[in-house]
Each structure stands twice: as structure tokens, then as C-alpha cells.
Amino acid sequence: MNRRIFMSVHECEEDLLGVVKAVRQQGLKIVDIYTPYPVHGLDRAAGFGPSRLPWICFVLGLLGAGLKVWFEFWTTAQDWPINVGGKPWDSLPAFIPVTFEVMVLFAGVGTVIALFIATPLYPGKKAVTPFARTTDDRFALLLEEEDATFDPDQVRMLCERYNAVRVEEREEKY
Amino acid sequence: MPVTVGAINTAAVSGIPAASEGENYTLVLYPKVGLGDGRHAYNSWLQELPDPVTKVTWDNYACLSVAAARELGVEQGDVLRIAAGGSDESSTLELPAYIQPGQHDKVVAVAMGYGQVSSARFVDAGPEWILRRPTVGDNGLVGKNAAPLLSLEGGGLRYIRPGVSVSKTGRKTELACTQTHHTITVPAELATADTLRRPIVQETTLAAFLKDPHSGQHHFHVFEGDLYPAEDHPYTGHRWMMAIDLTSCSGCSACVVACQVENNVPVVGRDEVLRRRDMQWMRIDRYYSGEGDEVDVIHQPMLCQHCENASCENVCPVLATVHTDEGLNAQVYNRCVGTRYCANNCAYKVRRFNWFNYLHEDEVENLVLNPDVSVRSRGIMEKCSFCVQRIQEAKIEAKRHGEPLADGAVKPACQQSCPMQAIVFGDANNPDSQIAKLIQSPRQFRVLEEINVRPSVHYLTLVRNRTEEEGSVHHG
Amino acid sequence: MGKKITTYVLLLGIALGVLGFFVATAGFHLPGNNQDYEPTQPIAFSHRLHAGELQIDCNYCHFGAEQSRHAGIPPANVCMNCHKFVTAPLGAIQAEDKLATKENRPPKKVVSTEIAKIYDALALDSEGKPDPAKQPKPIEWVKIHNVPDFVYFDHRAHVNAGVDCQKCHGNVGTMEVVRQVETLAMGWCVNCHREVNKIGVNGKAVQASQNCTTCHY
Amino acid sequence: MADVQTGLRKPWILGDKSLTQVSQDICGILERKPTAMWWTAFLISLSVLAVGAAATIYQVATGIGTWGLNKTVGWAFDITNFVFWIGIGHAGTLISAILFLFRQRWRTSVNRAAEAMTIFAVICAALFPLIHMGRPWLFFWVFPYPNFRGPLWINFRSPLVWDFFAISTYFTISAVFWYIGLIPDLATIRDRAKPGIRRRIISFFSMGWDGSYRSWIRYEIVYLLLAGLATPLVVSVHTIVSWDFATAIIPGWHTTIFPPYFVAGAIFSGFAMVLTLMIIARKVMGLEDYFTLRHIDAMCKIIIVTGSIVGLAYLTEFFVAAYSSNPYEQFVFINRALGPFAWAYWTMVTCNVISPQLLWFKSVRSCIPMVFILTIVVNIGMWFERFVIVVTSLHRDYLPSSWADYSPTLIEILTLLGSFGLFFSAFLLFCRFLPVIAMAEVKGILSYGKSTGHTETSKELESSTKPGHAKAPVGERELEGASA
């Protein structure tokens, strides 16, 4: 299925924030925004929902810590208990450091992998930027022309009010 | 138990001339403990055996008293020329000085048994690497032969020669010493008065001991209770322990050699001893206590203490040193990766590390390797095992014959060779054993008891045969 | 067309390569693991015949196992306890007997080539009499069950505890040529020690030590 | 939003840069040929590394006896270097993570280089526990993997095992953090690069980053999570390293003060090293506008604080020893100050406690050569701190019979030098091939502290001009953009 995309390119973050707020007020559907750096407040302005990655991080951390405590207990107290320096079989305080490290390792690496899957990002992936300079100094706002009520000319005027340096319409498969 | 001391036969020493006056010294030649008159000079074990008093290996030296050294302006290691009159080469000897507290001020003492042709075989002793220094001296031999300075008098050899002159040559050599701090006290400038003497040896006098068998004991803050549940590690079978009687120990070092022979402990050569890497599992710590030249000597055999709460075990990352259920601190050579953490964390510094591939240097030694003990390669920690190979053998034999293990059936090499029977080893869980009784002795103490590592090696207070109750005994 | 052939050749090559890899690595053992070691011995001694068919007790030849750390390789004298008289397979002797009857002469002593090697080692002639021209020399048996030098295994302790020889050496009585059946890895030893502490050895309760110093010193 | 906070604050980035100028400045370094200075520095580092590698190979081939260790002093240069490098490695994650959580904007100029420094320092550090082993080829025994020994596991009670986990986790998380931070910048470089092999490689590693805001949201969250995880991690790592000593029974090691003391020391030395590197880098690569005197000033202040904490720790150690009435403990500290290694002890005190006090003076903080020298002095001092802790505690412990001295061999000294060679070689390569300054982050703070002129102008336009006011330039840019 094809859809029509309306793109407006801006030069600075204030213009972008302004135009995003304005199009949201008009009830237009934002497909995506391309920025060279994370613009603060844009997520709220664009109405993008919060990420669920913190939950993944939390669960993985718990999993890592739990597995490690169990593993340390199992190896030193159950599988092959060996008397080391008269310490009890289950030397829980001595297990804390490694448990903590494994928790951080699981949570950190797991979250990053989750990010790569969710975004998605992977080595060798071909980048599809709507406009070449969005990784340099341009901010691009992509709107979807949902139905006939979308008036390209009116939107163009709105965008240009926020110093759009370029406005463009295109067909896109999706 | 009263002790009687036999009368000294003064007639036997009447022939010794009085100490010479003025610049002249009396040269005393004495046979070396290990080498004898030199007949054992080919034996690398004995060459590397530290002298019981000076702790020097691989060399002979001229012992001077502290006062004589001060008078001559001599420091340890200064090469001295000892000239015994006469112009020929054989009547002079150049040897490094060793300053010996407690020696007569007018005596210079030199060990025999060195400079033997048979010691030329040690030219390659020790590991081969770029910074190594040779084991033999400039003459290609170990030490200098002092025999030409013997004199023949009345058909007998005289080991004492008065009227020798001692002068400095200006050269200096290092002596390969296994112990470089000689007193039981720490340097005075680095201590407060009450921390000067370390409470690691208990000693008392006979008079005080007869009055109170507990005399000489230190009263540590003994650790009450334990953080850890004791039921995790009950010692229900055998519980191997050792007791060493400091009163009996004469420092002869037979145990040191016996242990080296039994356990395939390598000989490392002079350079390695100089680098403080001697490998003997058992050492005899010799401390001087007392002031100036008036010193008492303490010999304290020191070996792995097989601590119940061994600090070495906790730190090994790979479980190469762990505890057995018979109370042994096991060192598993083939598991060791050589982090040396255990040696660092040993309060007694009894762990030995194979810095190089040591053995296989000496062909003769390799012929007498004990097949019952692994030969350790480089990068591995080793230490006293309480001769666990003998324990295993005795246990299996007892089981084979269906008999309980008798007390005394296991004798580690040190105990076996101790002429004073100062070392007793056995199963402390056997109430009839000798060791079980000794650890109840009022003289019993353990070294560094206050750090709660719970050593399995017990010592018995050194009782000096003195009538005064205090004498030169210094309490820490 | 040429391209297609190249593709087929390549695919075949890959398939063969993968197959070859699996064949080559099928017998892969970690370094130090000599499982399935089956060397040729200087004498084609058959454990199947002696231990299996003839039911000779292991301890008859390997008498060290009960009394010492090593089971030991029997000296050639032990072989001679029987092979002084048993010199060849029955068939060969009967054939010689037949031949001798036919030729009307006393039968010659038949010594099989393998047994002759024992005689050779003991410097005996074919009659079993000392031969001054020969020098006695040891038979160079190849050691199969070998543990590293830092492992001190003791046969005595195991045999006297009632452990069957087959537990470690496999069913030697069925082997024409002896092969190492077990890995002899540390885990294999340890797990047996754990197991027998629970179930005993042949019904007898034992205490198999799991201390490191049991084997390593 | 930026207009609210501006006005009173000074910008962190000088030169009134535009967004594309930032890309131009940072990527320009990578797009030019390396300078003669870079080649000289790189070749020197590489030669030093080669010498160190030769010494290490000789040591591994011959035996650890080629070091000056003995039965009493079992660790010296090896663990000293290890703790030293780990300490250096702490600043990177601290700047990246802790300052990120505290919203310290100045971190953006230094965090990339500091993170790279962390990674290289951790590599240098991890090398020493490896080569200090008697049998380094069996190092993997420290890892609990299933095996044919029973299976025989490892001793989780050993601080060396904790170390192993701490360092590998720290290295992994730091590397991931660093790489995550690099992705948007790699995309910038990719989109600037001419087609060719370089572009293909960068494109591969940029993971198809396109600057989509949906990605940015997740990215920001992950970055925040990683910062939140790395902050306790960075504290835990040096705490665990300090437990190598603190859990031992050797007087001078066995002390509860070590964790905070070590963490403060690590930050202290790490910041000093970051400053050393950045002062060189700003000069050589012309980054004066990005790494300004204000940055140096801020970092100097942290050095004063951490240096003073370290000084306090030295005093506390003496107090605790005196208060303990433990003769062994008391002796160790008197021996440190007055014994055979007193020279090392007083070098440490001079470099770590006395010299950073100069930084109280604004004039010293703003004199770059002075700061440069002081940072090097601090690092010398921190190396000696670890040397003093390791060697003076060991060489005279409980039994006087086993007291021994220690002196390093040539092999040990060359190994230490070699680790510096490795560190600087890696850092120089990093400067050549990757952006030294986090462009995406710097762009984010460009407007901070700037006059709000631009925004006001646009507002003005919004109200006064008609839509479609921006004329001619738009057309030009449209053409320019059409090629995308």
C-alpha cells in the first residue's frame, strides 16, 4: 500500500519544536522526525509514548542477579562443597560482588540488545534517511497525508511560518 | 622435672691460647654444619642449607663480632683479607665479612668445607636467564678453602690460629642469606616501646617454669566465638596436628634437608637465594633477643601451619588450595595458576613459588627424586603438605590390614629426621596419641594466635636453662 | 552451463568437506583424554582367552593390585607358570601329533609364535631350557591406562574396598586387544567416589574420600 | 525551551558554532591526512609498546622469576600497574555516566575521549593480572565453565574472582556505552564521507542510524539506563579492586577504609589522565573551542576534591593504626613513612596531597602548562600510592624472619613502559579514526548559553512576516537536498 508523505525541513530545534506543536494542534499525523541530536522536549511535543526498555532492563537485571546467586550457591554449597578457609558452605556475603557485576552485565548488555532489536539497528543495515543532512544539521518532520482533509498547501504555509528551508511531498510504500 | 647439667671438662679447652691483643685476631676454623670438612661439598642440598646461625648459603665468610666490625670499620659483605703471617699465598684468605652478634671480639671465625673441587659442578646451578648471577665464585668453586690455614702441631691439626691480621680489601660481595632481619624486635626507630618485640616466640627460664608451668605465655585477646557456623566443618575422622618443642630444637636443620629430600624441593642456586627465593618448605627462623653482643638465640622451625581458617585458601581463585576433612591445608599443584595471592596472604610466609623451572638443573638430584611426590613445574605454588603422601600410604596400609591407624604410623620427614625429637606429629582426634597430649601441655602456644587463623602447628615454650626467673627474657 | 557445473562441484566439495570434518573429528578427544586407546602390544596376548574363556582371576597375573599402588604388568615368569606346558593351541599340537604318527617319529614340541616371544624374552630355547646364546630381555608392553604424573591412583585401596576391576578397565574378558574404555578424567573418578558414598561398593558401605589430597600430592 | 535558561550562563562551546560547523570541525580531523606530529607520537608509542611486548614475551617464556619478586613480596609492579590503570579507567565512565546523571553539560566535550581512555586503560589493566600469573596460559580456569574435573568450579570467595567479573563487566559495559554513543556520530561521518571503502566500513558500524526521533527516544532511554547502571558499576569496580587488599590479613592491606579511598583515588588519577590527554589533544587537533579553559577549570576542581579525599584517607589510615593498638598495624605505617620505602611514601604524599593544592588558585587553574604538569605529577603520585600499598605492606609483615626488600628488574620496568606504549598507541589510533568529540551531544548544547537571537528572530518572523517569507535560499537548498 502506498501513502503520501509530506516532509518539511528546518534549520534549528526551536523551529522544529514550534512546527511540531503546531501540526499536532492541527491534528495531523506525524510519521517520524529526523534530527541530528536528541532534541529535548520533542517526545512530549510530538506525543511519542514512553519506551518500555526500562522494564526489560529491570527484568534482565533481576534475572542476572538471581541466576548468579543460585549458581554460586549451587557450585559452592551443593554441587561440590569444598572447605575453603573454614568458611561456611554458603558464604552469601562473599557472593554479593559477583552477583552485582553479573546483574549489571545482564541488564546493560540485555538492554542494548533490546534496543538493537526494537529500533532496529544491526551492523551493515542500510540507512534510509529522508534527507541527507539530518545526521548533520537539518531537522526533518514527516507527516502522513491521511485523507482528503490534508491540505498540502496549508501545511506548507504552516511549515514555512517556522522557517522551513525545504518542503516536499512524496509517495512511499509501506 | 629437674634438669641436671654435666660439669664442663675445662681441661679439654686449656690448650686454646688466650685471645690475642692489639691488632691481631685469633682465627677459628670450624667444620660447616652441612658440609663437614668438605666431604659433602658436592651436595647441592647441603650447599643450599642455611647455616643454623648465620642463615647464609652457598658461601663461607669471616665472622666478626659487632665490636670488632665497628673497630675495623667493616660492614656486612666487605671482603676481608685474613693474613696468618708468612708470605706465601696459602696463608692468606679473602672472604666477605659477616657480623655475628655474640661472638668473641678478638675472634675471626671461618667455616671449613668450602672451595672444594667437587663444588665446581654448581657452575650451572640455578635457572638460566639474562640477569642471573653465578653460584660459584671467581675461583669457579663455592666459597674459599680455609684448610691451608690449618696448622699441624704435635701431630694433630689445630683449628685455632692466633695472631692473624684482618684488613679490608675495599671490595664488597653480597652473601646469599635466607633471613636478613635477625632480631625478634623490629627496628627501634620504627616502633613504639610496647611494639618493639614481636610476641611470636614464648620463652621462659627454668626457674620460672618450675614455679609456674604457664610462665612466658602471652595473653592475647582470644577470639571468643565465631562468625561462622562450626557445624559446617566438623573434623570427625583424623585431625592431623604437629607440635614443635622449642626447648629441644637446636636449630641443626636436619629437618630442612629431610623435607627437601622427601618432597622433591628444588635447589635454586645462589642467585635465587640472594633474591630471597629459597624453596625449602621448612625453614628455621633464627632470632637474636637481647642487647648488643649479649644475645640469646631462638630457633623456631617454621613450616605451613595448616590453619583451620587458612587465609591462603580464601583468596585462591581456582580452588588450588583448600582444606581437607582431616585438617590439612592441601595445595593442588596441577590446579594452581600462580597468582601468588595465597603467598601474599600467608601470615607465616611459608608458601614457596616456582619462579622458574627449577628442578632438572642438577642431574644428580634428579636421580633421587621421590616418585611419591609430584615434581612441580614453573609458575606453581608449593608448601609443606605434612608429608601427605606418607599419610595416604599409612592410611591405605592400615585399611588393607583392617587395623586402625596407630599413633606414630605417620611420621613426616622432619619428625623422622629430628635428632632431638622436637617434632611430634599425629592425629589429635585420637585421645591416646602423643600429639593430643602435647597440645594440652601448659607450654603449648601457637604463633600469631591472635589473628584467629587457628594453626594446626603448636609450639612448646622455649625454656632456658637458667636459674634466674627473668634473665634476658624479654616479654613482648 | 559452465557456471552450473562449477556450482555443483563446489557444493559437492563442501559436502565432502563437511563429511570429512565430521569423520576426522569423530574420534576427537580433549588433550589428555586417551579414551579408546588401543595400542598393538609386542605379544598378541588375548585377555578374551585368558580372563574371559579361561576365567583366570585378574589378580593371578596382576598380583600387585592387592598389595601395592600399581597393579603391575606380570613378569614373564608368571606366564611360564602355564606356558611351560601350554605351548601352542590344541589344534597345532594335534596336527603335529598326527604328522608325527604318520611319519613315525616322536612328536616335536610345538611353540606358537607368540609364546615363542616369551621364551625369547626369558632367554629360553624352544624346549624351554635356558639358552646360553640368548640374553634375557624385558617385553616392552605398552601402558594403556595412564593417568598424569600429578595423579596418585592406588590400586590397593580400590581392590581391597571391593571395586571390580571391570569398573575402571571395562570388560577386559571380552577384549582380544585391550582398549581403554573409560576416560579416566578427574570428573569420572570424582563422580564414582560420590556415587559409592551413597550406594556402597557391591552392597558394602564405603567412605570414598573427595579430598584433593586423595590423589594429588 | 532553551530560551528560558539562557542569558546569564556562558556557553561551553566557543566560537559561536553552527551545527554543520561542529560536524565540519570534528569530522575534518578524520578526513585530513595525519599530521607529522601524529606520526611522530604514534611511532614513539608503537616502539615503546614493542619493547614492552618483547619484555613480556621473554617473561612469559622464561618464568615470572624474571621479575624482581620474591617469596615475601609476591606482588609489586604487576598489581601496582593493574590498580593504577584500573584507576585511570575510572574517569571515563565517571564523566560519561555520573556527570550525565547530574546533567553536567560540560561532559559532552570530554566524554568520548574519556570513554576511549577508559577502554584502553582497562585493557592495559587487564593485561597485568594475566601476565603476572605463573601459568598465564591457564587463565581461563578463573572462569566457571563446565569441565571434566567433576566438574570442579571456582572459588567465589576469592577477591581475584570478583576482580575477574568486575573487570570484564566494566570493560563490556564501558565498551557498549562508548559504542552506543558513537553510533549517531558514525552516521554523521558516513553521510559526509565520499563513496568508497572507508564509507562502507563506517556504514557497516553505524548500524543504519538515520536520526529518526523514534530511535532517539529509545536511544536516550538506553543511554540513561546504561548511565544508571554504570554509575554503581564504576564505584563497585574499584571497591572490588580494593578488596583484593582489604579482605587480606596482611597489616596495611586489611582495612575497611579502602573502598572509598580507592574510588576517590581512581577518580583523582583518572581525571588527571583525562586532562593530560585532552590538553594534548586540543592543542594538536585544534579543539580549543570545544575543550575550553572552563572545562579545564571544572576538572581541576574535581581533582582538588578527590585529591583532598585521598589526603584525608592517608591521615585516617595512620589514625586507625594508632588507635587500633595492633603492633603489626602500627609498625606497617611507621615503616611506610620511615622505613626503606620512605622515599616512595613521601613521593606519593608530595604528588597526591601537596601538589594538587596549587589548584586552589585560579591563576594556576587557568595556566595550561601548569595544569598539564600537575596532572602528570598526580599520576606519578597515584602510581606510587599503589606501589606503597602493595610493596610496603608485604615486605615487612608478621614474622621478622621473612622480611625482605624488593627492587624491580629491567623486565618489569619495560613491561610498565610497554603498557604506556599500548595505551598511547591505542589512543592515537582512536584520535585518527573516530570522532574525539561526541558531535551529536555537543550539538545538543550548542544553543546553551548562546544569545537567543535566532529564536527571537524566528518568532519575529512568525509574527511579522507572511508565510513563505524565506525565499531564495530555500530554492537553493531544495536543489542541494534533492540528491538525497
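Labels A, B, C and D are assigned to the chains in the order they are written; within every chain, residues are numbered from 1.
Here is the rule we go by: contacts are C-beta pairs under 8 Å (C-beta built on N, C-alpha and C of every residue); 3 or more make two chains touch, one makes a residue touch a chain.
Source: prediction; values computed, not measured.
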| item | value |
| --- | --- |
| Contact-richer chain pair [C-D vs A-B] | A-B |
| Chain located farthest away, centre of chain D as origin (C-alpha) | C |
| Computed distance of Cα centres, chain D from chain C, in Å | 62 |
| For chain A paired with chain B, centre-to-centre distance based on mean C-alpha positions, whole Å | 70 |
| Computed distance of Cα centres, chain D from chain B, in Å | 49 |
| Residues of chain D whose C-beta touches two or more other chains | 150-155, 157, 159, 161 |
| Residue list for chain C, restricted to those that touch at least two other chains | 190 |
| Residues of chain A engaged with two or more neighbouring chains | 80, 84-85, 87 |
| Touching residues (chain side chain C, partner chain B) in the complex | 67, 148-150, 152, 154, 156-157, 160, 209, 211-214, 216-217 |
| Touch list for chain D against partner chain C, complex | 147-152 |
| Chain B partner contacts - residues on chain A that touch it in the complex | 82-89 |
| Residues of chain D defined as touching chain B within the complex | 58, 62-66, 68-72, 74-75, 129, 132-136, 138-139, 141-142, 152-155, 157-161, 164, 244, 247-250, 327-328, 330-331, 334-335, 338-339, 394, 396-405, 409-411 |
| Parts of chain C lying in touch with chain D, wherever the complex brings them together | 30, 33, 183, 185-188, 190-191 |
